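You will see chain A twice below: alongside chain B first, and alongside chain C after that.
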Partner chain A sequence: MNWKRSLIAAVAAVPLIMLFAWGFTRDPGTIPSPLPGHAAPLFALDVFAPGQPPLSRPVGDTVRLADLRGQVVVLNFWASWCLACRDEHVVLSTTARRYAERPVHFLGVLYNDRPAAGVAWIAEMGGQSYPSMQDPGARTAIDYGLYGVPETFFIDGSGRVAYKQLGPASEVLLAHIVDSLIAVLPQHPTAPATKSGS
Partner chain B sequence: MIGLLAHDALLVALPIMVLGIVLAPVAVRTGRREWIPIAYSALYTNFLLVTIATVAMIVALVTHDFSVSYVAQVGSRATPLFYTVISLWGALEGSILFWAWVLALYGTVVVWLNRNRPGNLIPYTALALLAVSLFFGILLVGPANPFHPVFPVPLDGPGPNPLLQNHILMGVHPPLLYLGYVGMTVPFAFAVGAMLSGEVTGDAWIKLSHRWTLLSWAFLSAAIIAGMWWSYEVLGWGGYWAWDPVENASFLPWLTATAYLHSMILQERRGMLRLWNVNLVVGTFVLTVLGTFLTRSGIISSVHAFTVGVIGYYFLAFIAVVLIAALVMVAGNSDRLRTSGKMDSAASRESVFLLNNLFLTAFMFTVLIGTLFPLVAEAIRGVKVSVGAPFFNRMSLPLIVMLLFLMGVGPALPWRSATAAEMRSKLLPPFIGALLFCAGALVAGARSFYGVVAFSFVGYAAVANLREYWIGMRARRQAHGEGWATALFLLMRSNQRRFGGYLAHLGLLLVALGIAGSSSFRKEREATMKPGDTLTVAGQTIRLKGVWGREEVQRSVVGATLEVLKNGRVVGVIEPHMNYYPTSDQPVPTPQVRSTIGGDLYLTLMAFDPNGANATIRAIVQPLVSWIWFGGGIVVLGAIIGMIPARRRSNGALADTDLVPDLGAIAAEAAP
Partner chain C sequence: MKRNTLLVSAALLAALTGRAGAQAVGASVAPVAQQAAADSVLEARTNAVATQLRCPVCQGVSIQDSPAELAQQMRDLVREQLRTGKSPDEVKAYFVSKYGEWILLQPRASGFNILIYALPVLAVVGGLVVVVVAMRRWTKPPENPSI
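Moving on, here comes the complex of A and B:
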């Protein structure tokens, strides 16, 4: 055996193995969006499902992103035909209720679905704490470069997309991102904020 | 109950394999050769135990024993028996179990057939086989345990992934792939055995591994073709190859194994390329492990990816150990692996084999780089990139064209060196084929440079390979007055490896023709049709007869009935449909294909009106597609012929090698 050559050969394998090891720290499913870090596309959508007090808004009310500047927005695209949306529904609904007194708005956007089917789905799932809007022609979904449902966008106080989550969101993830975005809000850094429309 | 039994069998196998791994080298080093059979028995016992576990799993699947975690995961009372049995390899844990069983089977047969061989090659080969088996054994009792008890026992399960219970080829493609993939462990084990025992300086391990490599190669070739066929029949886009990372993973070891099948001949005949051959064998195995790692770890996104879990870390550790151990062994032995023969002339079959190896290896690296590039790019530059089919197509076309060319030149050139007259008489006639195919392609409307060149080289290589048969048969007929059929049979019997190889070439040429034809002349149309409407694509007319729905045991089916018209008469009926499985919110499209020797009419039901008022149909016309599947069969047939043990040369009339000019030179060379 030529041990010197063996050693050199073994060392040559290390970068490849390190590359694979590093690969484990990545999720190939996360598709980066050009949006994070950029201004969130503005929208004005009509509520079709009111949500529950204290987060509710009347049906037909128009929600404008521009009006929510200075507060955190969690924008969740969903559909009644989407299985993974069922998985995250409870987490989203309870987290929204838990943050009811904080400067954050949870909003649902119905994607590629009929509002009637959406209302039936919410009833089947035992209610949704926050309001959902319809998106005729999926224009907002297109503006946001939707990859699939569920997909959740986190918009910070300055109206930029801070983060987006592909697939069902977990409680830990929601709390972590919302907390960190509230913490850097310009006004009312920690104090409970007044909520418009609640 | 049965799950516990199987789990215990797998647990017991672990210490037995460790015992064999320890015993084999100790027995060799200390000269206690009576211990060697005990080490071999470890392999046989492992096979027995894994067989018990595998049979237990099949029984559990068939009897719907949902107390077994794997059955609860993939089983369902509504699934037909066939798909229930083959769901053995439908998900991660079951596929690992099946893998371990195939590996144990190979190991047992290899060692049993060679158990009486003197020397230390086989004990160390057994050691390598046991070491790889041990890894899978550990997976099966650890992160990929399919026999977890489930409590409370569910009444029913979700059934297999809908895509995996939608076509019969699902019962064919995976086992072929495992047989090919796992089989590559055998030549690797021989190479490790040769390096550890010092027999790597001789050529015995090459001879021993030859047939096993050919067998695994045949399985892998068949698996790749079957996988192409499956995706063609099932996925509804009319294609068969997408350069998905996992498709690439099956193709990479195929390329190196193909290179090895050629370069091993140079070592056997001329004592050349010893170090290169070890590298190819080891590289092939490493690539199979890499491919498995990519599928099972989830570090690269792929349509084939299994569920990600902790198992990825085990594979990472395994690939690290295999890679480092292999490199250490090969580099440490590189001094001993000197070439004894040398090239005589550039115009010889040797040089064509060298070029063939060069291009196949370059091909492998191209595909490997394309597959791993997204990972590298993200690691170095932090950007997400995807490497798609355009990259692979552009990079591989020149290489494929060169390989087609060599496939024509190689069989025509003699060993050692060719005179100018020989070159002329051998290399010129096939140009007729090149011209014919070139003209044919141009007349048919091919305009891309590589397309026309590929057709021409296919023609060249086809004539060159067929001519070898013809020359041999003509010689036999003149010498013995045999009929054509007898002459062909006895010619092939006289040198199965050579003529089996040419047959595999011809099969590959058919595959190339099918790919070139279907990709150059594909025509596609999509239309929403009302009953009675007709649609014409590339001269083929179809008429929608109706849309229907049907309930089946495990699914609901919606289909459209379309008639194929020729001169106003109905010549065939095609019924593409969509299958709805209760466990999935997405329907599984099930295209239907009408195949003829000239081409396929491929219909997919894209959408339909619930009242049956209309249906959206995508119609694709692709010439020559079925030649790919047929050619794949020929390739496998060639490999099988090459595997049949050769007759001894001294056997008079049957091996009348002098009749074939080329063989005369070989016989002369074989004499010391």
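Moving on, here comes the complex of A and C:
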């Protein structure tokens, strides 16, 4: 009879053990985003930190995602109170400058912070090569399913979210994804020129 | 007689002006009252939806119960979407499209989620079967009692 009891115990226990084992492979702190593969939510946000030439845009200028169709967009949500944002700041800023002549736009979005604090933070960090916009009421942040900073969204030329990076982005990751997305852009020789004129 | 006529006229005049005054006051009070009623209905609908949505920056708390800034902003968005005529299901669908099913505090009973609802029932039924089988075994008289 012992083999029968063992069989019943195994039938009851094995699925539970498998379920728990599967649970160990998942990070409960990570919220899977449904956005990658889908159209990036459109936004029209005002610049509060202009960035530096040749990537600068005037303060108060409205950046519309729809206007950037056909080019890669790297959208980074950050805040002055975010410690991890300090880690990736230099990487983002230098990578953006390195890709200045390529069809890619690096844009910052301030998340739940005062623009004045954002400007002070940028000055403290030694400047930011690309412009940053403010997001009143965190409407764009919610549209992108944000639940913390930093988060970086890579938007391809067709306006789809190609990848979402939780936490600080590394130089290797930025270069790898941006290069991949530029490589699949429809070839149009005016792309880099359009960028500097936008 | 003349005095009576005067009194009646005065009473009529008072009644008429009183009524007109009341109407004037009513005309200004009614929209305010209607607005307040509409606001309270909207607030109740907002609360009903907000209690079903998880606060993304908290631990198992709804955006209705969380004091976090993002939760309040999400609640404002719920209110705004309801005000513009979206149904509660459409508002929830919006948040699901941004945050996934995770945002719903009560998962939908479909697909893999059915397990969440089915497993407790199966566990109770299984437990009852075990108890019944065990009780029968315990209460069964010995087949071959030895003296």
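The rule is simple: the second predicted complex is superposed on the first by the 157 of 198 C-alpha atoms of A that agree within 3 Å, B and C clash if a C-alpha of one lies under 4 Å from a C-alpha of the other, contacts with A are read in each partner's own complex, and residues count from 1 in each chain.
As a convention for this text, a contact is a pair of C-beta atoms (placed from the backbone, for glycine too) under 8 Å apart; a residue touches a chain by one contact, two chains touch by 3 or more.
What you see is a predicted model; the values in this text were computed from it and never measured.
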Partner chain in contact with A:Pro53 - chain B first, chain C second, else both or neither: neither
Which of chain B and chain C A:Arg5 touches, first, second, both or neither: first
Which of chain B and chain C A:Pro186 touches, first, second, both or neither: neither
Which superposed partner A:Gly126 touches (first chain B, second chain C, both, neither): neither
First, second, both or neither for A:Asn112, with chain B first and chain C second: second
Per-residue touch tally on chain A - higher for chain B or for chain C: B
Touching both chain B and chain C, residues of chain A: 12, 31-32
Parts of chain A lying in touch with chain B, wherever the complex brings them together: 1-3, 5-10, 12-13, 16-17, 19-24, 26, 28-29, 31-32, 81-83
Complex contact set, residues of chain C against chain A: 56-57, 69-70, 73-74, 76-77, 96-100, 102, 126
Residue numbers on chain A that touch chain C, as the complex places them: 12, 31-35, 41, 112, 137-139, 141-148
Of all residues in chain B, those that touch chain A in their complex: 293, 297-301, 312-313, 316, 319-320, 323-324, 327-335, 372, 374-376, 378-379, 384, 585
